[in-house]
Amino acid sequence: MRAEEALRKIHTEKPLVHHLTNYVTVNLVANTTLSVGALPVMAHSHEEVEEMVGLASALVVNIGTLDPAFVEAVLLAGKRANEREIPVVLDPVGAGATSLRTRTAERLLSELEIAAVCGNAGEIATLAGLAAEVRGVESLAGDAETAARKAAGSLGVTVAATGETDYVSDGERTWAVRNGHPLMGHVVGTGCASTAAVGCFAAVGGGGGETVANALAYFGRAGEVAAGGAEGGGTFEPRFLDALAGLAANPHHLEEALKVEDTPGA
Amino acid sequence: MRAEEALRKIHTEKPLVHHLTNYVTVNLVANTTLSVGALPVMAHSHEEVEEMVGLASALVVNIGTLDPAFVEAVLLAGKRANEREIPVVLDPVGAGATSLRTRTAERLLSELEIAAVCGNAGEIATLAGLAAEVRGVESLAGDAETAARKAAGSLGVTVAATGETDYVSDGERTWAVRNGHPLMGHVVGTGCASTAAVGCFAAVGGGGGETVANALAYFGRAGEVAAGGAEGGGTFEPRFLDALAGLAANPHHLEEALKVEDTPGA
Amino acid sequence: MRAEEALRKIHTEKPLVHHLTNYVTVNLVANTTLSVGALPVMAHSHEEVEEMVGLASALVVNIGTLDPAFVEAVLLAGKRANEREIPVVLDPVGAGATSLRTRTAERLLSELEIAAVCGNAGEIATLAGLAAEVRGVESLAGDAETAARKAAGSLGVTVAATGETDYVSDGERTWAVRNGHPLMGHVVGTGCASTAAVGCFAAVGGGGGETVANALAYFGRAGEVAAGGAEGGGTFEPRFLDALAGLAANPHHLEEALKVEDTPGA
């Protein structure tokens, strides 16, 4: 689904997007979801995750500050989401940095039907079985395009590897997304927020590669718009939320500015 | 208590306001409390909640990301607050969305003496036994005035149902509060923050209907002030905290701008 | 280590700084770390804290929202940090307010080798065995210089007591740091963020008194820079992150603006 159509559907349907996410960037994730036009909800208690995801149109899982109780909540919510056939989007934060994160990402991919995986190049390379360097939750190196293609092929899901250029692959086609701005790297949580935006698009358009690529292009375009007038990551962040909301409210000319390209070759 | 008097007392006494709250909007709740002029503290460990609330002048409970350990902390802190006769303010986030939230709000109202309940129209309608539509933590419909009156009557506490117009009822009198700005709905957590402001006012003035209504009117007035120059929810939020602090520091002409009206009839 | 040298080393090495911190100000702590030029990571699960701190160049512990599981995570991570001989920086948030906080701070100082302790005057006075008034997590009174000297002497670690003037003592020498701006007190978490900045400096320069003092001076200088144009704590905060990043990216003339003075006497 293209960005304009997705944003119009989000505006009309106001889908509930259930986030099981980390406590570092949770506020940015919630405000991103609201700015895109959807309704965010965070709920992790084992007593209610299944009921809450029963109201939702997508589930976004981010393992940035995982622990065993969190993983159990993800499995409960994820299985209910699968039964309801709503998309589950996974951000495997820190896969490759610690074995708990790598194993958990692999376990979720094995036990749940994931619609799309969105991570940085190092995290995606780790899941693809490639060499990677992940320091904490930052990717220091890695070929995002190869990682996305390889992971999508081996995992059988849509995979996005984000970076200066984002690459999205469904195992057959691969899209390069060239929107974005360097200031996005100067704010903690833009990666988490981009996965939230993918979750919003998936809520109305599913987790296919074109939809994921368009979500990331729209997200990157908001970064370009927000960068004008910002003097650093601090003043960029509020402007970025405004830009996400502004483009979502008036997506008519948005697509002209999106740089989504099919890339050749496997 | 009127807004000017409350803000002057808060400025002089710097009351400690203990929050048991959610992890999504906790930073905004803390900064709101500080901007109003009080001292925020967050402490949830069963080992210290009673001692911490022993230092506080009000307890604000927000069930936005509840789980069993959290509810236990609320009961411990709430009972100590009741013994000390300091006001307990409850934000029943998501009541009506899941049974855990509805049951927990009802349980807290049953086991604790709550001074004031502040929620959106759907949450308050749920507690009043009226039909409501709550999607996640958003109210999609509901007559706020009827909900506030009915809930105040049946629960025997001050009830605020917030929305475009806020309604506050003590079961006998009902106030309509018409301050506010649409941008407040473009930031996650303004509902939680308004309950925090009510908690600050309650710390110096108790949880009576007039005090709660004035807290919400001041809060809404800050939204009106902050909206000038904001381009969306992102840039609105920091300006809003400035406006809360600015009005609190100089409340002399504030009351002329507050739109608090007694409403007739039951 | 002086500020310019520390900031250049941070820029070159991009050290990973592992935070075990509170959920109120965690986002500001992470963004501060990134703005200074280091890489933040938050990870608390007992299953991974030791592995994660094994990748880090410093561990920053902040007990602002402690509970037993958190303290256990700190002990696991702290012991591993000690084995690896990377600095552990402690912010004893709320020591003096509740016995849990005071006892926990003392326990961590006893069971771990702490490189530096950074707190407000009341918290540090508490650890020095002096009379103090701590309301929640705010220090209401206390002689920061005496507290820092006394605590450094009795604990045998570098101690910073922050306030209008910050005092840093290693038990032999004591530095007064006079950078800063009153608006820093209008944002929740500037204390936590200053400890995060100390953690970044410690990651490349260790926890000696001169390094800690220079970290706080740089931090305060960023506050001075950010205050121009801010209308309150709300608009100050994003500008402050920009200022931290701006000074870190171009530290050439920074030291001329830093007010770090050796103080005479015991």
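Quick notes
Should a chain be cited, it is by its letter among A, B and C, assigned in written order, with residues numbered from 1 in that chain.
Please note the rule applied: contacts are C-beta pairs under 8 Å (C-beta built on N, C-alpha and C of every residue); 3 or more make two chains touch, one makes a residue touch a chain.
It should be emphasised that the depicted structure is a prediction, and the values quoted were computed from it without experimental measurement.
When the CA atoms of chain A are superposed on chain C, the rotation angle comes to 120 degrees (nearest 5). At the interface between chain B and chain C, two copies of one sequence, fewer than half of the residue numbers in use appear on both sides, so the contact is built from largely different positions.
For this pair, chain B with chain C, the centres built from the Cα atoms lie 33 Å apart.
Of all residues in chain A, those that touch two or more other chains are 23, 27, 237-238.
Note for the complex: chain A touches chain B at residues 14, 16, 18, 23, 26-27, 30-31, 34-35, 39-48, 51-52, 55-56, 237-243, 245-246. Within the complex formed with chain C, the residues of chain A that make contact are 22-25, 27-28, 64-68, 94, 97-101, 135-138, 186-189, 231-235, 237-238.
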